[in-house]
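First chain A sits with chain B, and in the next complex the same chain sits with chain C.
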Partner chain A sequence: MSLLEIRDLSVEFPAGENTVKAVSHVFFNVREGETFGIIGESGSGKSVIGLALLRLLPANANISGAVLFHGQDLFSLRPSELRKIRGKCISLMPQNPAGALNPVLKNRLQIEEVFEERGIDKKEGMKKSLRLMKKLLLKDPEKLCDLYPHQLSGGMRQRLVACMSLSFEPELLIADEPTKGLDPEAKEGAVELFTKIKKEYGKTMLLITHDLDLALEVCDRIAVMYAGEIVELDKASKVLGTPLHPYTKGLVRAQPRNGLVPLSGQSPSRISLPEGCLFHERCRYSGIECFRKHPEMKNHKGGWIRCHFQSLQ
Partner chain B sequence: MSLPVLAVNELAMSFGTLEVFRNVSFSVSRGETVGLFGKSGSGKTTIGKCIVGLERPTGGEIRVQGENILNMGKKEFRKLRPKIQMIFQHPETSLDPRMKAFENLIEPLKLHSGLKQEALLKRGEELAELTGLRPEHLARYPVQLSGGEIQRIVLARIMALSPDFIVADEPTSMLDVSVQAQILRLMQKLQRETGVSYLLISHDLEVLKKVCHRIAYLDNGTITSIENINRGVKI
Partner chain C sequence: MILTLFAVCALTFFLMNVIPGGTAELVLKHTLVGLEDSVSKEQVNQISSRYNLDDPLYIQFFRWIKEAIVTGDIGTSYVFKKPVLYLLALRLPATIQLAGVSMVIAILAGVSMGIYSALKENRISDHILRIVTLFGVSMPGFWVALLLILIFSLKLKLAPVAGYGSLENLFLPAAALSLHSVAAVMRVTRISMLETLGQEYIRFAKAKGLPLWKIVSRHALKNAMLPVITVIGFQMGSLLGGAVVIEKIFAWPGIGSLLVDSISARDLPVVQGCVLAIVTMFLFVHFLVDMLYTHLDPRIRYG
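Coming up: the complex of A and B.
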């Protein structure tokens, strides 16, 4: 059963007289207990989806479509109703854990704040948090609480933010770029952390990342985004093991171990999108049809792909 | 045999009683890329900063074209400085946020080249082309550019001074996998065309093995080994 269903989600931002099309007609659903990954390069609209789900985008964003959580449309809720869902039912682990923590408050105070906001006894809350911190591979959590965020390493800060996001055992955890800027050891730690959250807590997760290794290791299914659209969606092992869409192929080939082959060109301007397929200017396989007609998502061997030449592979 | 572009001998650095590294020695020849691999906090960036004169080491010597820069006077070092450049890890703080990309790009030319306005603009455009920047990028402020676009501008700025040697401190760790490949390939192209040498600092061994001629491993405050990577002949 689907816990989360995104239906025809589009997000646009006004930019002077123009409009930036950040996300266009995105469809997907996340099943209960599943880890669903969204991958794609910076600016492809991944984070905008995560923020749109919780209605955390700036007020000038034009949002259309529907986001159903347990069948209830989050976009039609009143702010007071939404507050009951944020943090409790759906929690967000923001990008850049260093920026998510207050630099002038000790860690303990920041963890307590989460409970204070909800009117729950701070002591009880802290006990629960300390147990969680121990489980999530943090050594000596008591000592850690008496430090400031800058005294922790990048990996530790990430775990601390993970603990805070899991305080109320949310049904859905959205993690936005959890490995950006971390060194390889901390990245391995992040894989371990998410595997643990997934196995021990059976949480449903929406993982937004450009780290293909993390996505392959942790996700069950993956959606690949390019210029605000989903271009491929299937099981993680299929998308990253035998990619079908030329863009996904390009991403896989750009990994150092697969040859460090760069994709030529750059993503199109989101103010004036090209006609036809949005990827055709950078595509090695593009034909006349790709210049003329925008491809629709098509079912292909159990997955979904947005390409005129779905069988060229 | 010609002198190496850079030779670091028994470099040591301490902050107060905290020893960051000691006995660090390696050299870089013309057209060569040497990788410096180590964990976070191992002192990689500090070594890079010492080489470009942003930190003063507590011991050892740094020879550029045979001359020890630590014994140079300020004036003498300033003359040499355009020839040794550094790319920083965080693209978002590398450029002046109040200047448009093109102004940022031609700033070093204004300071060092002595070119007149027209020639300056022409050279700026050439550099933009060399690094794959499009005219629309040049009219934007840094905040309106992606990490990859900023690193291209940083490279164009650096190439404006025709450097012999570039310290690249994690130039792609904040970039996506596809953009990372573009920037590293661009750096290789610039090396083929100009013969510039790189010290590539990274904690990603896969990347280093793909682009370096040699890799120096920094562990426990000292270089434990230097590995030759079989990538054919260097320039």
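Coming up: the complex of A and C.
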């Protein structure tokens, strides 16, 4: 059964007279125990999906569709019910650990507060967190608690944030770009960290990233996003090993070990999307049909793909 | 800090002597109210030599500085014939009371209204507060004072026009003096709060499932207060400046009205003393602000 089911999720932001279409008609579900990846280049709408799930987008965002968690629609919850889900059932590991930690509060308080409002003894919670911190390769956690965030290194902050998101043992962890902005060494550490989280907790995870190595390493299934839409969705090994959609092919070829062939062109303006396939301006397989008609998601050998010519490739 | 004090003293000293009207002559006229025309040349000369007013300015100034540093004596009033320090000590409590109460009002009202306004961003109550405070920052203090007197004392007869001593007397001058600061503090608090509420750590705190009041009081307030504290420091300065006029209007027996009186009487030592007192208070407040800032922001404390 699916733990999380996303149905026709669209998010728009007003921008003056126009609207920015950040996410359009996204469908997918995350099964219990699996790690589901969302990849795509910067601005494709990955973070917006993650934030929309917990209703953390700014108030001006126009959200439509439904998000079912255990069959319950998160968008119809009252604020107090939503608070019970946030951090407890679903927790978010934000994109930028440096920004996610409050600079004027000690780390200890920021860890402790995960257990607030939950009827759990803070001391018990703290003990659990400290154990978790040790497991997550943080040395000397006690001392670390008495420091302020700016006194930690980037990798340590990342682990600390990971620890905060995990210490309540949520059913679903949404991790947004865990490797962004990390130096190569810390990046390797992050891969190790996520493999560890996955192995030891068997948690369901929604991993948002544009790090294909990390995605291949830890994800079971992957959705590829382009300009706010999902263009391909299948098992991780298939998406990254034998990509079908021209955009995914481009992404894979742009990897350093595949020769670093960058995708030419830019993704379209999100205020006025082009007619036809959103990718046609950059696609080398495009035909007449691609300019006229927007391709629908179609089932293809067990996976999903949004391309007029999926069977040709 | 010492340098600032020195510069301010020098500036007042020379400015006071640039204003037209011989010091000795004016002092005399002031003491002999009603008999101004009878002031004779000899009397003027007598005063001048008693206080060495004929010496070059810089000599007068350095004599004053020397006295101040060596004996702690900053002069004697020409008019009251009393030590300036004594006069200051007499008037200081009233000013501290007025400025202190105004500042407390400015902080409490300004900060709470700013937070409220930020939480209600772009709703009607936010717009109303912003328009009202726009008037607050743009109206000059003396005008507000006259308006308040007109409405509350003369029309509604709710508060005395002027005077000192009881709580009723404090009401109008404190309101007039603090209005500008309330508005200024409210506006920075609102902007700063809005900016803080858009930060990622606020979003993460929400993701942890914390209720809004905890997010505001624990995560947002401290961060949002950093720029507000700086503004409060500046407001304290403009408040002390504003007090000069407000005290005069409400006949409040503080340093401000003493300053105005002694300027028109050319009572130089007293002017000098008042300015010194006001600047010292101002610097003291800035020192406090710096301390508070360092206390609130660990990034400054630990470099």
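Quick note on the criterion: the second predicted complex is superposed on the first by the 309 of 313 C-alpha atoms of A that agree within 3 Å, B and C clash if a C-alpha of one lies under 4 Å from a C-alpha of the other, contacts with A are read in each partner's own complex, and residues count from 1 in each chain.
One rule holds in what follows: contacts are C-beta pairs under 8 Å (C-beta built on N, C-alpha and C of every residue); 3 or more make two chains touch, one makes a residue touch a chain.
Not measured: the values here are computed from a predicted model.
Chemist: With the two complexes superposed on chain A, say which partner A:250 touches: chain B (first), chain C (second), both, or neither.
Modeler: The answer is first: A:250 touches chain B but not chain C.
Chemist: Looking at the overlay, does A:86 come into contact with chain B only (first), chain C only (second), both, or neither?
Modeler: second
Chemist: Tell me which partner touches more residues of chain A in the superposed arrangement, chain B or chain C.
Modeler: C
Chemist: With the two complexes superposed on chain A, say which partner A:268 touches: chain B (first), chain C (second), both, or neither.
Modeler: A:268: touches no partner chain.
Chemist: Just chain B (first), just chain C (second), both, or neither: which does A:65 touch?
Modeler: In the superposed model, A:65 contacts neither chain B nor chain C.
Chemist: Could you say whether A:101 touches chain B, chain C, both of them, or neither, answering first, second, both or neither?
Modeler: Only chain C; A:101 stays clear of chain B.
Chemist: Output the chain A positions appearing in both contact lists, the one against chain B and the one against chain C.
Modeler: Dual-contact residues (chain A): none.
Chemist: Touching chain A in the complex: which residues of chain C?
Modeler: Residue list for chain C touching chain A: 198-201, 203-211, 214, 218-219, 222-223, 296-299, 302.
Chemist: What residues on chain A touch chain C, complex-wise?
Modeler: 51, 54, 56, 58, 83-88, 91-92, 94-96, 99-105, 109, 113-114, 116-118, 148, 150-151, 161, 164
Chemist: Considering the complex alone, what residue numbers of chain B touch chain A?
Modeler: 39-40, 134, 136, 146-148, 173-182, 184-185, 203-207, 209-211
Chemist: What residues of chain A sit close enough to touch chain B in their complex?
Modeler: So the residues of chain A in touch with chain B come to 41-43, 153-154, 180-181, 183-186, 210-212, 250-251, 254-257, 260-263, 266, 269.
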